[in-house]
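After the structure tokens below, expect a handful of questions from me.
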């Protein structure tokens, strides 16, 4: 328990003194996660909308697999990305291993299924509501998708935030592909893992509290921004 | 790339020979995750329904925080649970540290916000549909909640599956509170982390493929069961 | 049996997005007969009904039943303009209010089937409710409201989607209920129906009670020029 | 201008859950005037309309327009019994079909406002569409259908929730459209309205065309006893 | 299933050697005792001992061990065996370590060539050893070529393999490491690289619930002749890994 308390005070202290190391790894955490989030969202949302509006033979199977891939174990993703990016792997020549880019790639792989599944869940409901109207208007696939995405934007926020949460708290994969290299690929989660291994639980907890604070702060900010839109039934 | 291929063949081999170690840790993975899932679902779904039907002062804030907690970093959860369950912690006398129970506790903490957020997302929509009717019928809070949960059960499946996925692939927290003890608390993910540390990527990947297969299999099974219900608009 | 009426509204008003949807309204309703609320589209009929029933928020003023509001609520039922279908079978939808009141599963479903047959849903009792046709959904909503034998029945254009025969059946059921003492408060755009059912008419305009009179007086010699125009089917101001 | 009609249905049928919702239907529709489909609740009017329009799956038979189906679809509009409100403002809802056709934002919104005013929604153009009253939603759906100046207009009980004045206005708009060459295919439970608008009547029973006749003949001397009973407001078999 | 169970925290390098897989079954057989291993970083192992969450620890970081005993967390420190550290690097050996005379010379060669080097950077026994070697060599370990990865032995080796970098590792972990890539052993043998493992039972006065008696039984076994035979006889690919050096007279 003492550790919890000490962790809290150290977290406050680190933040108040604008500890340069903390700033650096926090900034890197945010940068990697937000980049991954933008890419993953750009892939997952249209995919989710497509799965909602388009009937094809293997649709149910694809959705089930997408759901299942939410359970993709990060360490395995990390390993696979490592094997592909490693010098002896097919993309080794790009020299991406142990760079933030590699971390972004791993995170994208991890959160795309999560965002797509959750987004599909709410877009499907919206599609049921809109189905008759849009079909009767003879809209193209692309128009269906963009209408759903636009009118469902509030609900899609939850999907994106879930992805953000998963990505910023992720450690298994980015430890493997990023390598937790000081000043290069160390982020909050890998730093926490490091301090835990060192037995400095208080510092690990302090970093953890900073990370939680960051995640909560960003969520609250987004919700607050969302609220400034006109309050309506959607 | 060779590792990927070798991993695949070894995965097939391990499964076909019913490797006893594999069976044991797979069974433990499933047992821990399913227990955590049942508990977390029992907490998260009613909570989500309550947040949908009940207006109170801090409702928006609670929802935003719940969303934010989806980003709870597993290592931090692991540490906090460790500090609490440790012999020198407040619940140390229970002697739960390094047991499957501790792993269940950590997983519950991690997936409750995820399940609750996603469930709330779809229950909110359902509640908008049902609101007028239920209000006019003067139903109790509890009846509202049970009606929403029952009629929204299909959508809640996605929420639970997301929780299942996150729990079964989780390694950071259960490594800390479970300790990855052979024959006692080793599960698939911690075994993968161990083999990765040994540099035996092929075996790690093989275990990873088994894990992915397990997750996909369970998802497909659940979807298939879901389909055997009467096909309707819900 | 506790007395629910008279019901008194004083300056009652429901507001949304800075706009008065209905009200302020002063109204005293006695315990007998059928009050029909009529008025142009958007005049606030639905809002007023919901306000009286307690489904819309009271933004100003007071609404007082002769008994505690909870008791009053317990004896009311509401049929919405756009019926809400629970994602269950038709029979389960109709049985739902009974189940809420603690009636056993079997007994509730049996009664639900009876009522389903009475409103003309005999063929679709086991269909999922959301696939019903527009008229069938309205019938379901009616059965679901009537099954609890409410003492006050709110109906928001209950026959808008019904064919002639169904409308007549429902009107008979409503007349029977009225005769048995059920207080009916209803909106409709069908002036013929209003004539057949109304004991008194409340004419709404811009959210306010513009005219209120005994049915025969209202239809034969409306007191205001707006009401007269409305009955003629002219545009009201 | 390519010719859409005649439209020929041969054994057309839409099935769901093992039940024929409408059909099998053999029908030949020519390019002029208004066909009014009437029939009891659940007789398949909505299903038939959706089938012709192409919004319901054709389970058996054929439906042939005089031109490629895609061209035909492009010139149609549909007003649903239960209007679908996009989660946008009223003006944006009405402008939506124009935006789909590539009309610029400003131009589309300007036209949408015009149409909104014409159907009587002047006061609510900037409200979110889902909060509209039942009648207002129906008006919105009408404006949204009319704005593309379709050559075939499907209407499923478009005036069920409208007051007398609005009903008359809409009937005038429909009559104007018909005069301008728009083909109207519509269902209604309002026999008076059917009389006013119909050139021909299609009487549906159990999903099949039971009777079909010129309007004056149908209303004055219905050929089948069922149609006669329906017009009297009796229960049909 | 054994009748008794106890928990021991060990470092990753010990576990990665594979020696545990040889010792634990024999312990179970001889003592009817199941030893549950918690494989963690050195610092974490010591914290687990301090918190009383394990009954004994087996680590290799002398100063931390002495502080552990001095703080009253452990009853005593018992040396069991040692192995040695080795320098691993690209087989091509661009910095020329194979010609180095001693460990400090080897490190200096890396620094001069500015060849990529991976450091554990996690305050583990291996990391502390590396830092003391750098200071002995009189080289400031910093610069673009120096990558502090903050990870366990295996993860650090993986990173070195990915980067084609030099790294200081214990011989056991190296020999058991499967993802060697084009890494090779480039320097070993300097006595300064010896790596002493010690066993420390947790103090039962501080943590009465700990199974101290079992910890002592295990200590006796670890310093016994049986253990000596197993430890000295443990080889990988023909190489001996550990040298038993317990003072068999010092038992309690």
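For reference, chains read A, B, C, D and E in written order, and residue numbers begin at 1 within each chain.
The definition used in the following text is that contacts are C-beta pairs under 8 Å (C-beta built on N, C-alpha and C of every residue); 3 or more make two chains touch, one makes a residue touch a chain.
Computed from a prediction, not measured in an experiment: that's the story for all the values here.
Shared contact partners of subunit A and subunit E, listed by label, are B. At the subunit A-subunit B interface, residue numbers used by both copies make up over half of all numbers present, so the two copies contact each other through mostly the same positions. Per-pair tallies of C-beta contacts place A-B first. Summarising the inter-chain layout, the chain whose CA centre lies farthest from the centre of subunit C is E.
Work out the mean CA point of subunit B and of subunit C, and you get 46 Å between them. Taking each chain's centre as the mean of its C-alpha atoms, subunit D lies 81 Å from subunit E.
Multi-chain contact residues of subunit C (touching two or more other chains): 131.
The residues of subunit B that reach two or more other chains are 88-89, 196, 201, 233, listed in rising order. Along subunit E, residues 40, 152, 155, 158, 161 each make contact with two or more other chains.
Contact annotation for chain pairs lists A-B, A-D, A-E, B-C, B-E, C-D, with touch applied as defined.
On subunit D, the positions that touch subunit C within their shared complex are 16-17, 39-42, 46, 81-82, 120, 123-124, 127, 131-136, 139, 157, 160-169, 189, 191, 230-236.
Interface of subunit C with subunit B (complex): residues 50, 53-55, 70, 73-74, 76-78, 80, 84, 86-88, 96-97, 100, 128, 130-131, 154. Touching subunit D in their complex are the following residues of subunit A: 129-130, 132-133, 135-139, 143, 147, 151-152, 230, 232-234.
For subunit A in complex with subunit E, the residues that touch the partner chain are 82, 86-88, 97-98, 175-176, 179-182, 184, 186, 190-191, 193-194, 196-201.
Residues 40-47, 121-124, 147-152, 155, 158-159, 161-164, 181 of subunit E are the ones touching subunit A in the complex.
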